[in-house]
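Shared chain: chain A. Partners: chain B in the first complex, chain C in the second.
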Partner chain A sequence: MAHAFLLLVRRDLRIALRRRGDVLNVLVFFLVAASLFALGVGPSPELLRAMGAGVVWVAALLAAMLSLPRMFAADLAEGTLEQMLIAPQPLGVLVAAKIASHWLLTGLPLALVAPLIGLQYQLPADALAVLLAGLLIGTPVLSVLGAAGAALTLGARGASVLLGLLLLPLYVPVLVFGAGAVLAAQSGIDAGAQLALLGAFLAVSCVVGPLAACAALKIALD
Partner chain B sequence: MLETRELSCERGGARLFAGLRFALGAGALLRVRGPNGSGKTSLLRILAGLTRPAEGEVLWRGRPLDEDTRREMVFIGHASALSDDLTVLENVEFILELNGGKADRSEIKIALETFALERVAHMPARFLSQGQRRRAALARLALATEVPLWLLDEPFAALDGEAIEQLSALATAHLAAGGLLVLTSHQEVPIAAPATDTLVLQG
Partner chain C sequence: MIFSYAAPQAFYPVAGRMVPWFAWLAAILAAGGLYVGFFVAPTDATQGESYRIIFIHVPAAWMSMFLYLVMAGWAALGLILNTRLSGMMASAIAPTGAMFTFLALWTGSLWGKPTWGTYWVWDARLTSELVLLFLYLGFIALKAAIPDPQRADRAGAVLALLGAVNVPIIYFSVVWWSTLHQGASVSLTRSPTMAATMLTGMVLMALAAWMYSIAVTLLRLRAIIRSREGDAEWIRISAGK
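So, the complex of A and B:
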């Protein structure tokens, strides 16, 4: 089982390495979208500091959404997905591998770049640390729930719009607690509670997301 | 070994076939024929466990299909299951390992030679022609001789004469060794089998 998981992660990373544009697109979108807000509201330091956490989180959500339609689409078109469904491996393990590689290729780079944008918004060092921690816990949620959404909209017309309508409401708690943790740190309150809630949300989505994704994939290929 | 009971299939509200029942033993070849849209691909997908039949069931060694029975089956559909960004060798290696096989690179190279793909082995699959893609998808059969059940959907489509000969030789050897083969084909390709059946779907 671990072998099947690693096999698929290795394959997806190898493919991503050969088409770096896909990964870079997401990162560049994130950087540009988050920077636009700063340009739009003007150079008032108080205003920037107050909205920095929210902007970074919203931009991260949108950037992660951007890459979701591709999660299963290429595998479906090639026929790899049907081979995955009839492989003698539990489908849940293969879906978990798809989620893991999606996070490694979008969530993780987004989280690592985010402190740079935080600097742009003049966030203090401890708030940056909380921002990074929050994103490291929160972005896997985006990949896990995103997998369910991507599987449900697989092959549908206008999949990316549908995906947004389906997922953005589910992402609201991640946004609220993720940005809330940074705001708490900025006002000198312990951010542990918000981060713990993010963790709880991750745990719940890890149970629900892959199950929904497996069921949706089976229906999509029926 | 492979048995269907009162199998029926519906696609898009239309009934393609109903009450289909057959049983295949070791060394049996089943040719599925019928006009376009008569349900040949649907039947193969049902046998592979991808599509759920409207009624009836498929039994392998007397048991319904599950994760373990999949180890004993190879399904090659219309799509070649090749990633454009991986080389032919990497693609074949991946699909073999996904199916629980241990893929040895030198063995894969021999399998690729069977289908005259050694020159493109290290080329990304996006540069392959339609026939070469098809051959790359079929190359895993040369390493799947231990897997008893082969389900092949239009395996001869887009293949040249030499590749058709190679494939029918592989199939003949597989059947002689007691394997089972279910294939759909519009072409009349000679495959020697201990037992040959033809199933005609009317559409």
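So, the complex of A and C:
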């Protein structure tokens, strides 16, 4: 099972590396969206510092959302997904591999680029560290719940817009705790509690998300 | 056995007979509740007459949350037992739930203007109610976007359950968020003791909202059954009469 998992992750990463544009576009979107907020509200440092964490997190949610329709759609179109479903390995392995490669290709790069945006928003160094830590804990949630959303909208009309409507409300706790941790650090409060809550939400999502994704894949390919 | 009514064909006429009863009950209870609310209940000492919107607002807020759970319950039943009627029931409940959520938000903001001085406050309850509205809309949109009704029912069921698990987490995260951000400018100072007649009016209106929900859900369920099974012979026979 571990072998199948690694094989699937390696396959997805290799495909992504051959089509580097798809991965880079999400990152560029993230940077552009985050910069637009500053253009919208003006360059006052106090204002930017107050909203920096929220802007980074909202832009990360939207960027992750943009990349989600591709999670299963290409495999469905070429018929690979059906073969994976009838493979002897449990469906959970496939879903876990898809989640892992989605995070490696979207969540991880987003988290690593985010401190740059934080600098644009005048965040101090300790807040940047908390921002990075929060994104490293929180972006896996986006992939885990995102897998369920991507599987649910397989074959639906207007899947990419629909995904936002389905998933963004479910992402509310990630946004609240992730941005809240940075705000706490900025006002000199220990951010540990918020990061712990973010971790707890990740744990719950890891139980619920893959289950829902498996059920949804079975429904989509019924 | 109750399971014999799980077939749309068997439930269709039963639902038709139940609708008028629940509709009349809703009308009578609402008339009584509105009378008590507007003519019997005393004027509130701190809020004046504007508090009277609670006779609509509170039942709507209750129903909005309760109906989501009922919807998720039917969805779970449909997934477990694979009954066709359950998915239709969930579809029939969703618009009513969304309507009550919207009504709760709307009346809440109308009450907020004279009381808080603003139509919208990012208060924990308002915000979580707004997220609940988004969850309802997502459910309705997902069902509408999947052409095959059976698949739409089951995908919608998975989404409803995912939402039901998340609702408490979202609620607590929003409570946390609003205590973190909100200054002391706004506080919900509802008087702790409520006159008995106010409570009577509210309970009557809540019961009316229940009866209305049942009547409308059953009516919508009949429409869904007809549109999905319109080609079946039994529908043509019952429509022909």
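In this text, the second predicted complex is superposed on the first by the 222 of 222 C-alpha atoms of A that agree within 3 Å, B and C clash if a C-alpha of one lies under 4 Å from a C-alpha of the other, contacts with A are read in each partner's own complex, and residues count from 1 in each chain.
Throughout what follows, a contact is a pair of C-beta atoms (placed from the backbone, for glycine too) under 8 Å apart; a residue touches a chain by one contact, two chains touch by 3 or more.
Just so it is clear, the model here is predicted, and its values are computed rather than measured.
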item	value
Touching partner for A:93 - first (chain B), second (chain C), both, neither	neither
Larger contact residue set on chain A - chain B or chain C	C
Partner chain in contact with A:15 - chain B first, chain C second, else both or neither	first
First, second, both or neither for A:129, with chain B first and chain C second	neither
First, second, both or neither for A:222, with chain B first and chain C second	both
Partner chain(s) touched by A:108 [first = chain B, second = chain C, both, neither]	neither
Overlap of chain C and chain B interfaces on chain A (superposed complexes)	222
Touching residues (chain side chain B, partner chain A) in the complex	48-52, 67-68, 70-71, 73, 75, 77-86, 90, 94-95, 97-100, 124
Chain C-facing residues of chain A, complex	145, 148, 152-153, 155-159, 162, 165-166, 168-170, 172-173, 176-177, 180, 183-184, 197, 201, 204, 208, 212, 215-216, 219-220, 222
Residues of chain C touching chain A in the complex	79, 131, 134-135, 137-138, 141-142, 145-147, 150-151, 154-155, 158-159, 161-163, 165-166, 169-170, 173-174, 176-177, 180
Residues of chain A that touch chain B when the two form their complex	3-4, 7-8, 11, 14-15, 18-19, 74, 77-80, 82-90, 221-222
